[in-house]
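Labels run A, B and C following the written order; every chain starts at residue 1.
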């Protein structure tokens, strides 16, 4: 293999690795002496470092090599991360499911179904605008009622609440092996 | 002729049929039904050990093929043509379905031969959260399917009692025949209406009706209606 | 900002985005007209493509851009990957093809075309996020409708659904009916 091909392989390996790659690991993968491998890695490092139009650099961290964005560009990366796709914990998803299918309902009802306290997650879902307060329940204490929002529909790709799969359809889908 | 087919290789009856057509170098639009049917049936024979549900789908196709073959063997009767047209030509239907399936089979092959992400090329798997808080570690991207999954688990936990109960009807036609025989043995003439209780269930009506028909068939009783819309009388014959 | 700096920023943005980044998203993040942004992106694409010592390339998928390892290097990456490689059965590919070309459609329609039951594979494709539930069909029973996702485009390296092969041929087939 010539140096060009080796450089390409090592670049791809470092890029697609979940953890930083050690020189020794790379050497084993491409079956080359460690010294030679270190040269290839250094070539990649220089390729990126010496060209200011690259936004990435090859970082040497505690346990190996890893591609990272240049620290000077952090401002832009932060901007991007604010627009990340919605992520929810299992607890949040459970509460959302309960509210979606049983709305409007009180926090007590949600907690009764799940068997655990859920004040924190409820607040989080309100902040994410996936649920809203939909008035107060008649009766003692007049507790708040929760319901889903238009954002909820948007996130889950629904035109309206009638488009939520009904329980029979859910059952059907999951009863297939 | 040695004929060997491994059926677990086929995605369904259409796939098998398509294979036979290709093997015999036929054109989808002009299949030699007779030959294809024979080979299809031979293949079905080989799959008798296969699980019943899959076999069922293969059997429906077998029936269609036999139907088409039998139509070809019969001499053409011009008078029957109109009727046939109305019912739709099973051959044309099949050709259409085969063409459609063949297209998707090819499309699937084309898709499968793409450079697939996660198989042939890879992205950087590192999650870039260095700048942000790491508290979203066990958070995952969600969609409607994930919502349904959670629902299924929740509902499964707390609503097991909401199953639908089906009661087994115990009345059988044989039983009903015996009962009617007893009644008619006591009375020479009986009105059909008298066989039913005040508020018969749909099931009771059907079973009684079948029992009466059976008794007429074996000439145990006869039914007579003297006036139009009048009562129907049962008379014992034996 | 000069073009060198812009190129570096956009490279870092594309690299650190989890999903393919669309030109419009990039343009918004760096506050530049879409046309100008496309030029910057193309510059990055050429930077990588024209230099054979790079193991990465800028792929255009699902209407966005994403860095990927070159297909020719798959052998080496597979040596590194511990995770099970993506595998799709013939049934899965057939169902995907049917849904891709005729979406949105019901499970019954898929089964009619294939002539066999496909509940299990459908669920599997949903889990892999290659297909999604796209509402309910009008009419009796309101069965669920299925459609492909952006992940489908990503996995198969398609820019959009129009890039599916032989789309015209299938249109003809159905207009014959």
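Simple rule for what comes next: contacts are C-beta pairs under 8 Å (C-beta built on N, C-alpha and C of every residue); 3 or more make two chains touch, one makes a residue touch a chain.
Predicted model, so just to flag it, every value in this text is computed and none were measured.
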Longest centre-to-centre distance from chain B, chain (CA-based): A
Centre-most chain [mean C-alpha coordinates]: C
Centre distance in Å when chain B and chain C are each reduced to the mean of their C-alpha atoms: 36
Distance between the centres, which are taken as Cα means, of chain C and chain A, whole angstrom: 18
Chain A-chain B separation of Cα centroids, rounded to whole Å: 43
Numbers and ranges of chain A residues touching at least 2 other chains: 12, 15-17, 67, 69, 77, 81, 85, 157-158, 165, 173-174
Overlap residues in chain B, where contacts from two or more other chains coincide: 122-124, 128, 143-144, 148
Residues of chain B defined as touching chain A within the complex: 122-126, 128-129, 131-132, 136, 138-144, 146-152, 154-155, 158
Touching residues on chain A, where the partner in the complex is chain B: 12, 15-18, 66-67, 69, 74, 77-78, 81, 85-90, 93-94, 96-98, 100-101, 113-114, 156-158, 165, 167, 170-171, 173-174
Of chain B, residues touching chain C in the complex: 11-15, 53-54, 57, 61, 96-97, 99-101, 103-112, 114-124, 127-128, 143-145, 148
Residues of chain A that touch chain C when the two form their complex: 3-5, 7-13, 15-17, 29-30, 43, 47, 52-56, 67, 69-70, 73, 76-77, 79-81, 83-85, 157-159, 162-163, 165, 169, 172-174, 176-177
